[in-house]
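Please see the structure below; I have some questions.
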Amino acid sequence: MRLLNIKPDRTWSFALAALPFAALIGAYLIGSGMRLAENPNDKLLPSFNAMLDAFRHMALTPDPRSGNYLMWSDTLSSLSLLLTALAISTFIALVFGILIGLLPIAGTTFGPVVAVASMVPPLALLPILFIVLGLGDGAKIALIVIGTTLKLIRDMALRVKDIPSELLIKAQTLGASTWQIALRVVLPQMLPRLIDSVRLEIGPAWLFLIAAEAIAADSGLGYRIFLVRRYLAMDVIIPYVIWITLLAFLMDLGLRLLQRKAFPWFAGARTA
Amino acid sequence: MRLLNIKPDRTWSFALAALPFAALIGAYLIGSGMRLAENPNDKLLPSFNAMLDAFRHMALTPDPRSGNYLMWSDTLSSLSLLLTALAISTFIALVFGILIGLLPIAGTTFGPVVAVASMVPPLALLPILFIVLGLGDGAKIALIVIGTTLKLIRDMALRVKDIPSELLIKAQTLGASTWQIALRVVLPQMLPRLIDSVRLEIGPAWLFLIAAEAIAADSGLGYRIFLVRRYLAMDVIIPYVIWITLLAFLMDLGLRLLQRKAFPWFAGARTA
Amino acid sequence: QGAEKKDFKVAWSIYVGWMPWGYAADSGIVKKWADKYGITIEVKQFNDYVESINQYTAGAFDAVTLTNMDGLSIPAAGGVDTTAVIVGDFSNGNDAVILKGKDKLADIKGQTVNLVEFSVSHYLLARALESVKLAEKDVKVVNTSDADMASAYKTPDVTAVVTWKPIVSTILESPDARKVFDSSQIPGEIIDLMVANTTVLKDNPSFGKALVGIWYDTMKALASDAAAKEHMAKASGTDVAGFDEMLGTTKMFYEPKDALAFVNGAELKTTTERVSTFLFDKALLGKDAKSAGAIGVEFPDKSVFGDKANVKLRYDATFMQAAADGKL
Amino acid sequence: MTGIVFDKVWKEYGDHVVLERIDITIAPRSFVALVGPSGCGKTTFLRMLLGEEAPTRGQILVGGAPLKVEPGADRGVVFQRYSVFPHLTVLQNVMIGREFEHSRFLGKLLGAKRRAAETEARTLLDAVGLAGHETKYPAALSGGMQQRLALAQALNRKPKILLLDEPFGALDPGIRADIHVLIRKIWNENDLTVVMVTHDLSEAFRLGTRVIAFERPRNRPEELERYGATLGDDLAAQTQAGASITRDFEVWPKKIASPLGESDAGTQLDLKLATSNDNPAAS
Amino acid sequence: MTGIVFDKVWKEYGDHVVLERIDITIAPRSFVALVGPSGCGKTTFLRMLLGEEAPTRGQILVGGAPLKVEPGADRGVVFQRYSVFPHLTVLQNVMIGREFEHSRFLGKLLGAKRRAAETEARTLLDAVGLAGHETKYPAALSGGMQQRLALAQALNRKPKILLLDEPFGALDPGIRADIHVLIRKIWNENDLTVVMVTHDLSEAFRLGTRVIAFERPRNRPEELERYGATLGDDLAAQTQAGASITRDFEVWPKKIASPLGESDAGTQLDLKLATSNDNPAAS
């Protein structure tokens, strides 16, 4: 049988999927063990016990200073920034994406500037951003928004253009105005596709959040990583990174579920 | 006539497209003018003359210390890193993307680990990366590769799965083995799509390059930006950012042209 | 600017000598003094030191914590007339040159040195090289982010670094790390200041007074209150022992009179000249600077180093004097 | 009146002449079937009627007035694919025309108006044999059901002209026969001019009152290539490259007001339409 | 021999029985036309023959041996869409089968072998009327041309069984007639068993030596819903839900070895095949 026709069954699938994870953990254990054997105080690849300790310390012991559980307050602070920013980007992208994709006038006006602007590396313009926007949560949200929104707009505009022209014609023959088409034909078809696009931007959003928190913050997951980085406290950093990855993964999963539940028509229409 | 049916002609298109750029430049001029009126030495929003001076200084005058034209040597150094990294990512993505997308066994094995790994914020794990790869160009290339390759792999795998199963069946009825299918059916169909995906990763690649050069470097566009940030030399930073944007834009354009010229069948097949 | 105002913003970044500002903000000392003068002071923590100075230079903040050298090269060179209100401490071993596996400073010759370019580390390196009759051309400097210095040291490529605490302490935990030069060998040259915009300060002297008041109240707490020290230690990401270790290599001026003695001393003028020369060599005094004295620096006795027509950095002792005299 | 006149209409895309001097008058209440080989310009003809494309030369008159340059509610359309909105249920797909009409801002009806529109839509769905599928999404329907839905959707807006571009090309014969009955019925009972493109000659003659054939001229570049001819006079080849009407049949006997009652499905539909209360076609 | 036996084959997807107890023997060299309403399982039947799907119960024998569980070079196929490789030119599309056969590693022929394969491919292209289009990509071809290309591509590998899933469903009548002649010709001159799914009954009877009709049973859940019946005995309803063969015609007169010579295109093709040197069908 050809390799491409061999479909592993459930047990095998599970075993195969677990394999690379096991390999990664194994490689870490060996590397860590070797370094620790050489220098028991090595901080770079801490043992699992050390990380567990650090995790317990950060997540399960209240901070004497504030009485907070640091990891949770960091998470809360980062997540609220991240989600606010993503909500704003999403909204902007939806509006401008539909405008650019649907209206030739808007497309010629904003298309080029969005294309060029999406190439600007936002991190290099941080100082200007911070001056214009201040340093509070506003600036951090703005950085994430700027970092993610342009690509989202382009994506949305492309997907609006992907709508078969037959549908737009059909809507017009049913007497729809431009506004009605945007509202009742384009918007609802874009929502599930927007979820796909937003899923792709979760990674960049975390990146910009961490970058923003590294500059000015007093809580947040990125802030903590940055703070303890000077001490090379990998026993804190690694659990934090795993935690961020898990959060990102859960957000992705959540969006996928949302897409499936909220837009039952989409799975069928996509494969058609 | 409905707004969505109004298509501006060539002259109008040009004028409309120029509008936002003019507005941006105007806004900058006003902001800069106001700040400079208050403090003639203000560095945040330098005048165009100051930027031109700085550009002349960086690009047209040899550096007394090294005799190099700084902007060109920076560009050369950054571009060689970036292009090497993108070439590596592209190659890895192609191989693993096809494996994961085409072979159910590879898909179940590597799909989940790639999905999870693509969520890890790579900047947070820099220290571990350093150990494995040192601090030289290798580490910078690796950072860009890690930052871009996972998403590329996922993208490729999805696009391989998008190939109509009819084509794979047809190839089998023509007697193709898995290897032949990968080589002659899947690979050539993926190449133009890979270009699309790589275009999307140019932005992130620059981001990671700048981040990498901020960590340890003695030349490069990102290095220079971070160095002169120490004394808020926006008159250098802004031309550099414009230059990076231009480079990114040209790379994008080049890839689009390559796609059109090298894969003449693709435009027709995509719309079909 | 040029008008009286009520709301002020102060930026500080995480460094042993400036940790009191975080405590002052959290413990209510800031509010106490602000209320006393009928103003508000917002104290903002930065993790990125350079960004905090940039923000101050761009006018987003009225005061900022920085070193004497960065005060000269960033705000002053950027045309922002800046006054040092508080001289908080100087580095007395906080900054160090570290070699991997080599014991003598002279061994640095020919090596690649990782440091933050144009920072006090760069200055320290210059001074260190001078002390063994070497020049910067004898080494190769690679700009390296302070945040990644500790991990960079762990890589085989890196054999020499110049950096500050707490990174120094972290690096010295490696068995092969040797401290071959530190700032205690050039005492009083790396000075940690709280500076404010001169115009703002002139129009609003009460802001300066409040800053000084806050500072010396906090100094008292640091000296006597274990909880305060613990707070600062935590905020800098370490524990009390680690914090004490850093304090040990920092010459803190707990009393205003100590700071006054230092700022009025003659040493400050020599230091200023050295630093100016270093910055001029690196073209950091602005592109138009013709000499090391291109930017004038005024001392408490109103004497000026460099261009009297272009005084942009001023050491002003009047506020600390008021604190010493109990006249706040 | 909804007579359609093509007054010496040419359509060119760049150098490529697609339609050449189309000169035709379509009487109100006709059922015109358009046949011709692939690529001869049938769809292009329909798109000009829709207002989606403008003629390069000549003009199109509808009811005596020049054609509006954009699609409008007076001309309904059913394409071969993409004729229904994938994100709306069957019922919503039919109702949306009425919603566009009565709710300028929200495009959504509420309360009593909504209920009225819903009743009306259900009647139409019943007529096209989609009763019971109201809450399904189009992706869950077969091709034939989707086309019936598209018809119902277009009819709901009561267009004067109905344009069909190979609407039944992808359906199987049994279903196609059913839907033929349906479309004849619809045409009979509404004041409707129908222009239908089809590949199937027998379909054209069964349904149309008039069958118009377009021919792709032999001397198009690709054909020339194939038949090995040399281009000779370039200009001549180019100006002759467009399709034009080659045959034009009136189909006898006249079919108006003579519903096809012979098939079971036909009578069934008949009954349904007759028993429904607010379907204007039935009154 | 390439006789095909379906031995009490059932196909179920989860609870949904698609095909029920298919018990049929297809003689070698037959041309079986498969008709039936949409969704009755015709494609499923073909996919089982291809080896793409395995029967849930029962077995399929080809030439007496159980069917290989995956598609192979002995069974060619033409689908309604996606039958040719979009990234290869017309010529490359035909040659690729030979390249797969002779170049295990590169999948690419060079030198003399390549030239031989090319000549062979050109002959086939000529036979299907695509001469002159060798360097075009499929996207530049009309639907009919694409399907002819797909046929040539499949034939190049000389399969014993040719499976066609509504191959001409999207073509216009003139082209369809041409291609009917072509397919009969091909079947006549090669040792080929053909199984073709079609929607068009007349096509089935014109081409097939045998016409098999599948029927979709009325009591499928969605139908039940529609007709308002109650499910009653669940198990009974379920086991009866699959399609099975309802009619099976032998078409007379027997068509083997009686090429359709009446049409112009037919004779033309005939000549072409006869004059080509290395087309085994012509020898």
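Labels for the chains are A, B, C, D and E, by order of writing; each one numbers its residues from 1.
Everything that follows uses one rule, which is that a contact is a pair of C-beta atoms (placed from the backbone, for glycine too) under 8 Å apart; a residue touches a chain by one contact, two chains touch by 3 or more.
For clarity, every value in this text was computed on a predicted model and none was experimentally measured.
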Common touching chains of subunit E and subunit D: A, B
Given subunit C and subunit E, the chains that contact each of them: A, B
Inter-centroid spacing, subunit D versus subunit C (mean Cα positions, whole Å): 80
Geometric centre distance via CA averages, subunit E-subunit A, whole Å: 47
Centroid distance [mean C-alpha coordinates] between subunit C and subunit B, Å: 38
Multi-chain contact residues (two or more partners), subunit C: 54, 58-59, 148, 150-151, 154
Set of subunit D residues in contact with two or more other chains: 70
Subunit B residues counted as touching two or more neighbouring chains: 2, 44, 127, 131, 172, 177, 229, 232
Those chain pairs that satisfy the touch definition: A-B, A-C, A-D, A-E, B-C, B-D, B-E, D-E
In the complex with subunit C, residue positions of subunit B that touch it: 35, 38-44, 53, 57, 126-127, 130-131, 134-136, 139, 214-218, 223, 226-227, 229-232
Subunit A-touching residues of subunit C, taken from the complex the two chains share: 14, 22, 44-48, 51-52, 54-55, 58-60, 146-151, 154, 166-167, 170, 173-175, 230-231, 234-238
Subunit D-facing residues of subunit E, complex: 37-39, 131-133, 142-144, 169-175, 199-201, 225-226
Residue ranges of subunit E in contact with subunit B within the complex: 50, 52, 70-73, 75-77, 79, 81-88, 96-97, 99-101, 104-108, 137-140, 150, 153-154, 156-157, 159
Of all residues in subunit B, those that touch subunit E in their complex: 164, 166-167, 169-177, 179-180, 183-185, 188-189, 263-269, 271-272
